[in-house]
């Protein structure tokens, strides 16, 4: 019938009940690949700055001297390029999403990585560098 | 006296019933669309919210017209439930709509204006059928008085199947349901923004909504008249009709104004008039 | 005395989620004149090539638009690959094809929904978007992003789809196709939909061609131009025939897209069946030096990325010509004579994508 | 009674988004997310809206549009910036035609991160906006109240 | 790449442009795009055409102030590209059928592509 | 009887006086005074005769009749002269034919040309007299200043105001004569005078168009006149069964078969005068006349003569095919003219079409002619006269102020001329909204038609017709009430036309609602009762509700003051575009454009070109059918 072509769908919907995912009662559907947000491990970051250079949005800023690693979550497009680029595995992409915020603040981390005491080899140079 | 009680009851209860029906409507619609839908009392929250909002106007005059719309819609419904004259009710009803339209004209906005023109086209589309429906009920019950019609023992629907169907068509227009939600629509999006209600906001919009509840109850009361010989069947028929309207809303695209006008007029001519012609032939023949 | 109504239409408009700007001149509701204007979304992202390395620009390219995001990335990458003479592994080509077609599916379903909304058919909108979610779920499971996939890169792809997932997708295709056909039936057979669409916004075959229209707008008028026929990615192996309708009206354009749903499903099925094993990417060395007009068939038609490198990490120029821009002249021709109620329908019938149009 | 929280009507404007966040906003309306559960309706009309959802950043041409839409909304109202673009300009923030996030033009109450922001995030953002909305309402009625009192006081003052 | 399409580019002089374009039009080509590139001091304008997936390019090189004749008399739809050309590059195009007078794409800065901006202000993390 | 004679003769006196008055102030004084007298006399008439049965007066017969014939001949000569001057030979032919028939009548049936009583007054005459006496003289007062401005605006038009006011007052006299005459010869005479008056006034501006339209009106009315004479001849010839030319006797005559033929002919004359289809074009053309003329002749009084005569003959029509088809002509005219009104943007055209439509409706009621319908018809006559004259005068005043009478140009009148807008608003409301009069009548008509065989056709006509009516009136109202911004207020300094007539008529429109139960019970019901032995009335409860509605309408505007304080003003929504408060917006191509809101005219469906001809054809067929099948009972 030309009219009411939609009838089947309507009836099916009525019988099957709503397809709605009951978020927030039910957590959001994600997959293992989902690019939710980047997490940073201050203990392993060696301040190489690669992440910052690769980031297409300049979301990451690092201050080597001050040992600060910053990420502006409001700039990050979750492309994951920094994660791929970090040679030390300090960054991971988590599948869960960030909550909305009422204020735009840049997230700041202090890098706690301490260069392991390299046994004996060049203790003099190091102290000279510092 | 009965009449007065009916009117007062209507004035008090209709917004409650109307809001509930709107809530059920939205719930059923959502289910038909595979969604959960809003809480049952959502229409009340909406209207409550609207009254909490700031009163923003383009011109103060708009509030007057909308208030008049509300008052006269309530009045025509009240006359209906007081058992008054159907024709008078229809005219009061038209008056109310003219006020709504004027409110939209008064704000002088492009979208309201087009909405107002379309609303008038809708009025033009449904008016013949609604008059014929009243005449049909008269022909069956020999009275234009709602009280008499409601009390009549003849099953009007059996004499007026065409008229009833025609009325169902214009009911779609009146309930602002697809395919005839051309002048404004409740939730569906429209090329003319919100049409006639574009510039109404806050409590003014709330009044439009309440008026709409009154109106729906009145219209459902009208539907009931076709089945009034048996209250149980009557109420059931009203419910079925309303669900059918929701169903139609969900399985059709919105048409252009031309089709709305043609449908209304064809419904009156083909369903209404033919039915009445046969009826009058029968009664003349029978007499 | 001319009884003309002059109405601003857009940029903010409930039916069109994107800012489209038209000045409408109406008589009653008949559109007698229409002047479009664009630029609300113009960002100037072509110029970002000068600030981003050509490999990084992929991320920008896929944000030229969030709907056929993958295809923009694909088009860009193919262009660079052509300039740099990189041969992409077969598996990457097949997966690119699958994601392209998934994008097309979700784009067409999205469009069908918006189109239904434009006609005031709310339930149909809901249904289309509900179906679309299953495509998005697949995309998220395989790429990690619902709308911005981020899997295409110069030299190949960044993620594989495991055999298990491919099988699962294959199994899901049949019921999905059935649902799409149910949906398509409404669009193609329902009387109220036909009433709204047939004979509306007609563009004759020759006009469509001369106006430079693209994609379903062109094919709806009977011109069989579909760049997938050129055989980029894996299309050459899969065997592809463009979908063509002849009426040139909104209904025909709608029919093209509905039928493309089916053809996309078919392509995905065949791509999964013929999926070759192998590496996903090749290492990219050096920088592009040369120019190329990379062309890809997007859901909305032919997109052209003109890329020009001068041997540095930064391209000298990227110029992106998107199908909607090409379809604007046709749109301007379609609107006069329509009714006001038809304006969103006609506008939507070219599936406008303002985002990539204005870049 | 605070009905406002139960019936937030939204206005969505695509400032200069890539459509990614845009379609996710629309997706919120559809069966799988169905924000009407929270009483949310996408009105498409600033005069009816309580929450302005903006996707995409600000450029020279849409700047007055965004401001206009904001001004057209009756109080109380909140603005939710959706996605990286609306918050800061995101990946396009360096483009010559992008002035930055929405907060360059109008006050933003809630920022939803992401590119594209997921429907769930958008829902979270709107929910977050509700309490701000409610605060604003209380403030507004409070203000109205004090105004009223001030007026009464003034009238009384005149009377004497 | 399994790109099997041919792309040819021919240079064309300013005064031959309209004639050449007409020839392509009569030869059944459709206009794909018109695009400009800033090649340092002057502009290269590519008129791209297609017929049966054969891609043809006419290339015009003009100085910054040179007036370019519109081809919208031949391809009605060319106006979108020509207006864009004017608005982004500042190339004056004469005789466009629908001339937006510089309002087709409104930009914060005038003619953003008219100056070579390569290499400027590329200071990461500034 | 003195009152009757006074009402007929006094305006003639005033007319003659006005012929010589040249100064406006003086003219104004004379007209105002005469108006007071005439109005007063008609009210006296009401008080004196309203509460009894019809009263008949023998009154001067021989001399008067001779004078009338003489005047008729003079008028015929005048038409022949004008016809010759402007080469309109059809007019000449008709004038000659008519004069010849009159002479033939006078010569052949000298014995049958006497009515027992030449004059009479009953409630219907009183109603007509009140309309003529009050509305008519108010219009005359209004016209003085109007004409002054008119000449100010149109220096090219020859100033013939002396003639103008002479004709106006002569016309008033003729109208009184027409409604008081029991002698059909007299009726015919006055009938012809109104025709000539109309002719003179339509052609007032002496432009080519005016002259052409004047002749069109003349020709069509003469056609009706010829039919009238033929009817007289027939009546005279069939005396005494038909009752001759004594109206009362004709109506009382039992021999329906005999009087039906003259009734049909007189009905035809009524159709032409009331400008029903296919003769509507003359009334549309008559809109070239200065607006007071349109108000007086072409809506509230002269055309009412046409339906007056139909109402008089309603008892004869009742239940016959002839009556039914006259009714159908009216019905079709009603629905077609209403529909065409949708497509008109010129205020006077809308008013003209609406007038035609309402005359059609009255004719429909009169033609079918049951007592309820006659009741409704009379009600329609009253309400229409009041509301329509207000609208015409208002349109004239607006036109003089804003320089246009296009409805589109009346946009925002509520801001520019608030008082005028409110009056227009009330006038329009009077035309189609409950609880105003026209609607009451329509309502009554519906209730009445239900009970008539084949009444369903009329119900359908009414249903569609009123739907269409709502559309074109409401959109006009919409234009008036649009609150435009940044427009100049032009009401101030508006002293050219006197406001008093407008105020009074506005008051009458409202008063009519409150008074209508009284009007009905004192005037209409007794008349209907006297003729039919039964009468209609609206139920008490309904009247109560309507009064309640009216009261609400008067009270609601008070709410205005409530909103003033709290509301915050914002400009309208323009798709988010930068826009100014007076609706200029940033458009494409860098242009600033202005929003224009125009009403819908739906010309494609309701255009004049589309509907007029079919309507005319149907009506012509119906008229012909009524001649052939006149006596067939239903």
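A, B, C, D, E and F are the chain letters, set down in written order, and residue numbers restart from 1 in every chain.
By our rule, a residue touches a chain if its C-beta (ideal position, glycine included) is under 8 Å from a C-beta of that chain, and two chains touch if they have at least 3 such contacts.
Everything numeric in this text was worked out from a predicted model, so none of it was measured.
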Contact-graph separation of chain B and chain F, given in steps at minimum: 1
Pair joined by the larger number of C-beta contacts - B-D, A-C: B-D
Of all other chains, the one whose Cα centre sits farthest from chain D: F
Of all other chains, the one whose Cα centre sits farthest from chain C: F
Centre-to-centre distance between chain E and chain C (centres being mean Cα positions), rounded to whole Å: 23
Rounded Å distance between chain A and chain D, as computed from the means of their C-alpha atoms: 26
Centre-of-Cα separation between chain C and chain B, whole angstrom: 43
Chain C, residues touching no fewer than two other chains: 5-9, 11-15, 19, 29, 37, 39, 42, 44, 47, 51, 59-60, 63, 121, 123-124, 126-127, 130, 145, 148, 190, 192-193, 358
Chain D: positions in contact with at least two other chains: 13, 30-32, 34, 37, 42-47, 59, 61, 65, 69, 74, 90-91, 94, 96-97, 115, 118
Per-residue overlap in chain F, given as positions that touch at least 2 other chains: 568, 570-571, 573-577, 579, 588-589, 595, 597, 599-600
Residues of chain A defined as touching chain D within the complex: 18-21, 23-24, 28, 37, 56-58, 72-79, 97-104
Chain E residues within the chain C interface of the complex: 1-5, 7, 25, 30-33, 35-38, 46, 48, 50, 53, 55, 57, 75-81, 84, 98, 100, 103-107, 112-113, 117-119, 122
Partner chain D, residues of chain F touching it in the complex: 568, 570-571, 573-574, 576-579
Chain C - residues contacting chain F, complex: 1, 3-13, 19, 21-23, 28-29, 35-37
Chain B to chain D touching residues, read off their complex: 26, 30, 33-39, 42, 44-49, 51-56, 187, 189, 193-194, 197-202, 205
